[in-house]
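Each of the two complexes below includes subunit A, the first together with subunit B, the second together with subunit C.
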Partner chain A sequence: MSDIVDARGLSCPQPVLDTLAALAAKGSGRIEVLVDTEASRENVTRAAQAKGWTVESVAEEAGAYRLAIAKA
Partner chain B sequence: MKNFFASRAGIVAVGLAIGILAPLLQFWGNPGNMGVCVACFERDMAGALGLHRAAVVQYMRPEIIGFVLGSLAAALLFRDFRPRGGSSPVVRFVLGAFAMIGALVFLGCPWRAILRLAGGDLSAVFGLAGLVGGVWVGTLFLRGGYSLGRSQQTRPGAGLVMPLLMAGALALMLLYPQVPGEPQSGVLFYSAKGPGAMHAPLAISLAVGLFVGFVAQRSRFCTMGAFRDVILFRQGHLLSGVLALFAAAVVVNATLGQVAIGFEGQPVAHTHQIWNFAGMLLAGLCFALAGGCPGRQLFLSGEGDGDAAVFVLGMFAGAAFAHNFGLASSPAGVGPHGVAAVVVGLAVCVYFGLTMRAKA
Partner chain C sequence: MIRGLLRRLGAGGAGPEPAPAARAQGAPEGPDRGLLVFENTSEVIRAQKLLRDAGVQVAVMGPPPEIRKGCDLVVTFPLVEELRVRRLLAAGGGPQPLEVVPVTGPLLTPVDIFQVKDFGTHLMVRAANMKLTVDKSTGVLVNVSGGGCPDVPYLAALLVGRRLDEAPSPREMGHTLCGYALGLAFEELQRRCSPS
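And now, the complex of A and B:
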């Protein structure tokens, strides 16, 4: 499983589905998620936090958001 | 900027606001248990344009116009306007058409199903059960890898198509205002009687629509996602908004004397419960496969989502099919071809669910 989930252009609920699959596969550590709408950014953040992960940073780049999500 | 509306308090506030305003719109003139119904109102707009000629359901509903333009305003103000498109548009068009056909077999979209129940119409329970069932089937396809693929960024001109269409609809309304008792004014059709003749004053309908569109864009309010997220992720964020809508609508309906509990004699409803269930089963599945309830599709189309706009146009086409070919129900019961349409629609959804996969 790649440590970068590219959910750009995907509509609801796929960014969250893909992120949760990646988080479950990883277990702990750090992954990055790329999304391109504010709604997806909020949804991915909410879902990751519900699973005990922390959104460490959100970088805005070229019309997209890069979320760094981590769990110790 | 922190988005208050993305919080639990925010989505509940939006649900409460819609739950208060919808029964008030009914009080101000909209049809019974139909303060807001996205499917019914788009069907009325299709009638106003003459896409179908069912005389009792023709009116250019300003609430729908407001939903899109209010969403556009919110998206522009909060730098959330993102012109995009190209994610299986033809599939979305067909899903929109069958979503409308299913909703018109039940006689209401998810919003109205909740409002019908809040007004005491117990047949809505069957519709809501169908909605949840349809969304559940949709989650099975989603778990199986169903995807309509990525959208692409596009030009602002493309993202503005639905807001411009709605602005045009409003312009037509102002150019050709309703003449009391007349079935036509210029190019627009109006209902002289029936649900299409029942409406709140234009300015009020438009103002409420703009407000709801604005806050729903910020909060991502979605009556399909509410159930989908619980089934798929055990997450009740969106559901809390829907429950708030229901609770507020019950209280306001009770206050205004708009509650009549029972199955028989409910406004714009029938009691063929199997088809109340199956109609919403089809609609719920279409909404799940398209990623949003009909209201959410309008709000998305306002923030530049061309794929959601195609779904909305599909709903308009579906309304025309439903009333031209005897698919829509009436208070007398299901239409002559409504049952066949639901069966075909479900088959089409299964086809999309199985063939539209990332790893097909």
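And now, the complex of A and C:
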């Protein structure tokens, strides 16, 4: 089961900081991140990849983006 | 070097605080400053580069409300160098200021274009419309946001994941006003992070 970071409604760089904190706490595995702007989606993706995680999927739902981020 | 950098990063308190823009760009503090007001931001950038390359201690700041007639940025310079500044701009084919104004009182004091916010684990510097965030424990840049210019994704890809002391300068790599503003934020972070 994925951990979920709900960063909807937060302005940059808070979604990235919340995601990085969750990635650091998790270490490996899978988390999901919810953001509601394209800029946050791009920034979270970039930050996760810089930390060696992979964005497995991005789903649009109800005006938000759900990013599935994983690391083996 | 990185240790000194991180010591400096860890020294900040919580919440936003203004950054000393004049000091950030090597300009002296004190009352005897003048402002160069230009028609647009491109001219500000050209003038700053021309004067800085000539050794004049300039800084880019926001204009005071009383003289906000050109663009959203002004160049400040030591007032004693006014004649030299005018000659440099004229001789170099540089942009001609709409006005040259001495800073004579609070109403004519330029506005800081920087804002700094300490998130505890991270430090963010905002310069005009661009924000740059660094991880205080590692010195690694974690986020670039703001702008909307076409080169921002490119600059973000260059910067995010790299340490502040090894990342390329966005001012040199960028091609837009966003790149310029990001360069200012980058230099302010470097100043705050450099060993004292």
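We take it that the second predicted complex is superposed on the first by the 70 of 72 C-alpha atoms of A that agree within 3 Å, B and C clash if a C-alpha of one lies under 4 Å from a C-alpha of the other, contacts with A are read in each partner's own complex, and residues count from 1 in each chain.
One rule holds in what follows: a contact is a pair of C-beta atoms (placed from the backbone, for glycine too) under 8 Å apart; a residue touches a chain by one contact, two chains touch by 3 or more.
Note that the structure is a prediction, hence the values are computed from the model and not measured.
When subunit B and subunit C are set side by side, the one touching more residues of subunit A is B. Shared-chain residue A:G63: touches subunit B; no touch with subunit C.
In the superposed model, A:D36 lies in contact with subunit B only, and not with subunit C.
When both complexes are overlaid on chain A, the residue A:P13 reaches subunit B and subunit C alike. Comparing the two complexes, residues 12-14, 16-17, 20, 39, 42-43, 46-47, 50 of subunit A contact subunit B in one case and subunit C in the other.
Taken together, the subunit A residues at the contact with subunit B in this complex read 8-14, 16-17, 20, 36-39, 42-43, 46-47, 50, 63. Against subunit A, in their complex, subunit C makes its touches with residues 119, 121-122, 124, 131, 133, 135, 140, 142-146, 153, 156-157, 160-161.
Residues of subunit B that touch subunit A in their complex: 3, 6, 78, 80, 82, 84, 87, 142, 147-153, 220, 222, 225, 228-229, 232-233, 235, 237, 291-292, 307. Residue ranges of subunit A in contact with subunit C, taken from their complex: 12-14, 16-17, 20-21, 39, 42-43, 46-47, 49-51.
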